[in-house]
Structures are given as C-alpha cells and as structure tokens.
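You will see two complexes here that share chain A, one where it goes with chain B and one where it goes with chain C.
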Partner chain A sequence: MEIKTRRVDNVTILELNGRFDSHTMPPVRDILQKAVLEKPASIVVNLESVNFIDSAALSALVSGMKQSRQADGDLRLCNLQQPVRMIFELTRLDRVFEILSGEDAAIEAFNNQDSTITDQ
Partner chain B sequence: MNQEKYDVVFRLDIPATFKYLNVVSSSITAVLEQTSNLSERDTLIYNIILAVHEICTNIVEHAYEGKGGRINIEICLNEQPDHLSVNLYDTGNKFDFDSRDKPDMSEALVRGYGLFLVNELMDEVSYYPGPDQNHWYLRKEIV
Partner chain C sequence: MLTNILALQHPHFGAIAQAWLLSKAEAFIVMANGEVLASWPPYADANAITLESDIWVGHSKIGKLCVVGLQGEEAQARLQTQAALIAAIVQSTSVLRDVTTKLIDTQDQLVAIYDLTQAMRKEIDLDKVLKSLLFETVRLVKLGAAFIIIQRSNEPWITHQYPEEMLDTITLKGMLDLVGETEQYLLLSEEDEKGNGLAFRNLLLLPISLHDENQATLGFVNKLDGDFLFPDIKLAQAIADNVGARIENALLHNNRLKQAKMQTEMELAQQVQLNLLPHEMPVVPGVDFWASSCPASQVGGDFYDFLQLDNRPFTFTVGDISGKGMPAAILMAMTRTVIRSNIYDTTLHTPEYIVGRSNEHLYDDFTEVSMFATLFVGQYQPTKKKLLYANAGHSPVVYCPLGGTARLLEADGTAVGILPTSFSENQEIVFVPGDVLVVATDGLSEAYNKEEEMFGYDRLLALVEELAAKSAKDIAAELYRTVNEFSIGTPQFDDQTVMVLKGVPI
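Presenting the complex of A and B:
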C-alpha cells in the first residue's frame, strides 16, 4: 500500500492507496502515533484509493481517533468507497468517526472548529 | 457438508502470514467472476473476501500466534443451489468458538471487529476443532 503524508493548515493528511489490512496497517499506525503528538492533533485520513479495509485497519483508525481526541484533536475520514463505507456502517463506526465527502471539507471542518474556539 | 457436489473448487496451500492473504482475495474474485447473474456483484465479492480474510487473520494471529504454519483453503462454488462455501484448515491452537464475546458496538472498540464481521457477512459460520487440524466452514448464498 502506498502512503503519502503532508501538512495543510496545521492538519496532517494521510492519503492511502490500495489494501489497508493487517499486512499494510503497521506503518499507518506508526504514522498516526506520531501525528497525535502534533499540536493540534488534527488528522484527516483520505481513503479515496483504498479498495479493501479489514478489522486490523479499523482498529488502527479507532486507536488514532481516540488518541487524537484525548489530545483535543480529532481523526476524520474522507472519500470512502462504497464497500468500505458499508463496513463502517456495519460496525457502527460511521456514528463514531466524522466522515466527510472530500478532503477540502475535512480540512475546513478543522479550520472552522479552530475559529470557533478562538472566537470564544 | 462434504457430500455436496461442487462445480468449481480452488485449493490453496499458503503460508500463515499476513503477506500472502491478498492471494486468497484474488482467488475468491476469480471464482466468483465465473458466475453471470450476481446481484450487487462488487459488494458481494468484497464481503466474502473480507470474511475469509478475517478468518485467515485469526488463524495467523491466534492459531499459529504469528509463528508461521500453513493454511489450506478450499473455495467451492456450486450453482445448484447458488452458493459459495470456503473451508479453511489449520494445525495450530484451537479456538474457543463458543466462548467468544459478542462485541458491544455501542462504543468504538479498538479490537473485536473481526469475527463480528465474519458472522454479519456470511450466512453460515462453523468451526470444528480436531485432533489433527482445525476446520472453519463459511457459506454464502450468492443468488
């Protein structure tokens, strides 16, 4: 699996490509563990090119999401292919993660959240 | 179960490591692509691949504890009636199938999705621990 990471507006973007499963999950988990140490711990995982996801990958994402929220950040998902989305629905993780239709919307959601906090 | 006559049988004998599980996915896809009248084909194939993948992962992690071994797999397609069955055999530790916990999906879990997904995605899931080998049987109607 190909993994690309970049920072946009203080948000860490992970762009994954291919199978996200028990074999390919460990490097993603390692990147997430470093990303949650950033201030703010704002992470977007772009799954547009992920055509397969298994329970190990779900576990890595849940772990990253919980750690980022503990650091007052969040891990958001975007661009899920339909079969992948169905797995999130089946496990009810679609109610836990904030899932957006595009990467720009996911980044903007963080920026809006930041400005709300600043305004307060 | 073993008395059924299958139209297509693929047999795989793979090392019990995560690295080769994509081969199982490719084989299931190849078998199901021979059928002509599947409804929601892509979703059905995805779901079966994921269920079988999760059993293989369970065998790698729990039966063999990540120390290697082999997984023997039979992928059987029968068109009368239309169903796909998959037999998986390992010689590792036995799995306590009956005492597995049903995960509480009302909260986000870090672990425990694997067998939940298998049960949700397949029509029948059975496990037969044996003195020489353990046997998983998965079945899915493909009408």
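Presenting the complex of A and C:
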C-alpha cells in the first residue's frame, strides 16, 4: 500500500492507497505514533484511494484517534469510499470519528478550532 | 653445531685426515672454542699445530681445522678449501633442519585441525560445539585459556570460555573494543601499550565473519610455552576459518529448534483456544442452535459462547477481536471470561448491561494494546418468543423472519475498547418458529474472490433468505460452503465464525 504524508497548516495529512489491512497497517501505525507527538496532534487521514479496511487497520486509526485526543488534537477522516464508509457505519465507528467529505474541509475544521481557542 | 656435523660425517672427516697423513702430516685436528673435538691420530698434540684455518658460517666462527707437521702456502690453501667446504655443509644442514621443523609444525597443525574437526563434528548443538572447540583449542595450541564471543544482530550475545568463568563480562567486552575493525588478527602482550592492564601475559584475538551480520571473535589467552609465534598464528587462523562454518551450522540448527518449539507452543495454544469454544451444541426449547469457527491462522480472535443457567434465559455471544494471531487469541480468552463472569453474576443482567460492564472491564487493557472487540450478546426466553440483544459494533448479524426479507441488525454502539462507555442498548426482535438469526463475523462477509470482489452483505442476505427453511446446522454449513466456493484460490484472510439460531416449535 502506498502512503503519502505531508503537513499543511500544522496538520499532518496521511494519504493511503489500496487495501488497508493487517498486512499494510504497521507502517501507518508507526507514522501515526510519530504524528501524535507533534504539537498540535492534528491528523487527517485521507481514505479516498482505500477500497478495503479490516479490523486491524481500524484499530490503528482508533489508537491514533485516542492518542491525538489525549494530546488535545484529533484524528479526522475524509473521502471515504462506499465500502469503507459502510464498515464505519456497521461498526458504529462513524459515531466516534469526525468524518468529512474533503481534505480541505478536514484541515479547515482544525483551523477554525484553533481560531476559536485563540479568540477565547 | 660443529660437533653435530662431526658426529654425522665422522668417516668423511676421517678420510680428509688420512689424506693429510699420507701427505706426511703428523696429525689432523678439529677444534672449537679452544677444545679438541677430534684428532687423527688420537691424542695429537694441539700445541704443535703448524697450520690452521677457521670455519665461518655466516658471521660466526664455529671452529677450525688444524694440521701438525706441515707448512707452506700449498698446504694452507688446501686446508682453507676444506674449511670452506665444511662451512657449506654445516649451513646446508641447518637449512634442512629448519625446513624439517617447519614441515613437522605444519603436519602438527593439520593433525590439530583434524582433531578439532573430529571433536566438533559429533555435535550440532551450539553450546556443545563451542565447548568442544575451546577445550580442544586450549589443548592443541597450549594455552592458559580460550574464549569465543558471538555477536548476533537483534539477539543476545553468546559467550563461552575454557576454563569456565575465567573472564568476566566487562573483560570480554573490553576484548571486543580492542578487536574493533581488525580484519585478520590482533596480537597483544603485557609489554604493549594496548595490552597494559589486561592482566594477561599475551593475547591473540581473531575475528570470524559469519552470515546475517553476525560476528564472532575467538580469543587465545596466555601461550603456555612463551609468545605467540608465526606458526601459532597460522594455526589460530586455520582454526578460526574452520569454526566459522561450524558455528553457522549450529546457529541454524538452534534457529530451527526455536522455530519447532514455537510451532509446538502455537499448536498447544490452538488446542487451548479450541477447548474454549463449546463443541456440544445446547438443547434449547424453541431454538435449533448451531455454531462453529474457523481461524485464518493457527490461533484466532473470533469466538462464540453460550450459557444455559437454571431459570435464566439462554444467553449467547459472538465476538471478533481486531487483528489476528496470538495477541488476538489472548484477548479473546480474556474477553470471553469477562463476559461469562457478567452472565454468571448473581443478578440476572440484560445484554445491554453485559456489554456495558464488559466494556468497562476491558477498556483500559484494550486501549493499552490498541485493539478492540466487536461483540454481540443475545438472550432468548422461550416463553416470551422474543429475542433481546445488544450489538457493540458487530457485523454481520442477519435476521430473517419466517417468509420475510432478511435484514442486517446493525450495531448501535461501538466495539468494546473504543470508548470508555458503551452506547449499545437492548434491542428486541420477535423470534418464533421459522425465524432465523445468523450472527457471523466479518471474515465471512468480507471474503474476497480472485477478481478482488468482496462476498459482501447483499450476497449474504440473499443466501440466508434462500437457506432459511433449512436446519441451523445446514444453514451454517451452506454459508461456509458458499463463501469458500466464492473465494476459491485466494487465502483465507480473516477468522470466520457462524452462529445460527432457528426458531422451532416448543
């Protein structure tokens, strides 16, 4: 599986490609473990090119989400394909993750949150 | 030196003496360091010598030839020639002796290497190979002690020494620092600056290159009969070359043993896990019940369970731990126990409570290891003809009422271990004769075929509808068969579990 990472406006963006399962999960988990140490731990995982996700991959995302929230950040998802979206719905993980329709929207959400904090 | 030649070549010296006596000499004498070594006739007077010629070998005078009773240039020249000839013979003999010594040394080394190989070939166990290597090396090279250190990448070092416990770990580590990048050998004695403070008279270190970035160092300590000379170093190198292959073989053998042990432990774990799953199907009034599980690797994270307690509803669960293999199997055993303890509680609890309490108990441990477990807990009370359940992120669960359409019973809460508090609530469905409930795991619905198509929920729903008239066992068997047929030629990626409840008349 191909993994691209970049940083835009203090947000770490992971773009994944292909089958996201127990075999392809370890490098993603390692990247996420480093990303949650950033300040702020703002992460967006773009799943636009992911056609399958299994429970091991979900647990890597859940773990990244839990750790980033502990560091006052978040891990957000965007561009879920229908089969992947269905997995999130069936496992009710759509209740846990903030899922957005586009990468810009996901980054924007972080920026708005930041400005809200500054305003306060 | 001259004495030896005189003893070996006595008849030839005698012939030279006779020739002089025939030429009217009174005596022929061979002397060294002022002493007469031989004379013809015996007991000739050394004080009456009239001619003499020194015998020079290289830059040292090893003796002289003397004649009594003759004088003149001709006789002097003759004596000088004979002295030079004897010097040449002495020199040749010395060269021959050196060559012979070297030859014997080489032969000794060959015998030593042969002995060593013979001693080690009987063993394949690394510890025994190394012990025998060091024992034989100390004996053959005549050493105070010998040691070997094997540095393996990502694994602990192996060290051995003979005699045992002669060197501590710090000293051995110091040796390795000394060897550093040395490619051939490193020879140190107490006089050397580097060797100072080593508390050894002398030390020879040889690096041995092994495969897979492993590296060994062979150390010879305190040569008993003096210093390490060239033949000792040659022998040490020959030993080092020879043991490299032996060590590699033994390491390989060790790895195989370890793998075999792991395999056995894995098989044991599989047995333990299989025993955790109930094999005898329960007899429940109003329900025809069947469940089975098929792990993708030797041990898996799927499980099913049920409990039939007096005066309580029949309670059943299906769970799927994220991930596979040993970590999932350990958490599966843990999850099963927590659920059971909640069902066994003195108070009767509903599925919602069981799921919620289990989540509270397991949340921290699951978070710690970044895993979670989807969970379906159901209860059936024959008198009520209803089925109560709570679904924590589990799918697929298919409900097909008699003559109706099959549909998914979707989860209302997330899997155990994701959130500190569970959202899953009690849900109720009618369960009468002819109704079918299939609680499977995603290994079944997410099986892939060669064209990379997923079996999917639509196929599963249609299949359950089609099979609804059959018995629970047949429905389960047909589900497995159809999915296996669909994914023929592709490996089973995930554990597959199927539990079927079919309503029957009481």
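Convention: the second predicted complex is superposed on the first by the 120 of 120 C-alpha atoms of A that agree within 3 Å, B and C clash if a C-alpha of one lies under 4 Å from a C-alpha of the other, contacts with A are read in each partner's own complex, and residues count from 1 in each chain.
FYI, contacts are C-beta pairs under 8 Å (C-beta built on N, C-alpha and C of every residue); 3 or more make two chains touch, one makes a residue touch a chain.
Predicted model only: the values in this text are computed from it and were never measured.
**Student:** Is the arrangement of chain B and chain C around the shared chain A a clash or a fit after superposition?
**Tutor:** Pair status: clash.
**Student:** So, does A:V8 touch the first partner chain B, the second partner chain C, both, or neither?
**Tutor:** It touches nothing on chain B or chain C.
**Student:** Determine, under the contact definition given at the top, whether A:Q82 touches first (chain B), second (chain C), both, or neither.
**Tutor:** In the superposition, A:Q82 contacts chain B only.
**Student:** Identify the partner contact of A:K66: answer first if only chain B is touched, second if only chain C is, both if each is, neither if none is.
**Tutor:** both
**Student:** Can you give me the overlap between the chain B contact set and the chain C contact set on chain A?
**Tutor:** Touching chain B and chain C on chain A: residues 21-22, 52, 54-56, 58-59, 62-63, 66, 83, 86, 90-93, 96.
**Student:** Which residues, counting only chain A, touch chain B once they are in their complex?
**Tutor:** Listed in rising order, the residues are 19, 21-23, 52, 54-56, 58-59, 62-63, 65-66, 82-83, 86-87, 90-93, 96.
**Student:** For the complex, which residues does chain C have touching chain A?
**Tutor:** Interface residues on chain C, with respect to chain A: 320-324, 367, 370-372, 374, 393-396, 408, 410-415, 418-419, 423, 442, 446, 454, 457, 493-494.
**Student:** Across the complex, what residues on chain A touch chain C?
**Tutor:** Residues in contact with chain C: 21-22, 29, 52, 54-56, 58-60, 62-63, 66, 83, 86, 89-93, 95-96.
**Student:** Considering the complex alone, what residue numbers of chain B touch chain A?
**Tutor:** It comes out as residues 18-19, 21-22, 25, 42-43, 46-47, 49-50, 53-54, 57, 60-61, 105-111, 113-114, 116-117, 120-121.
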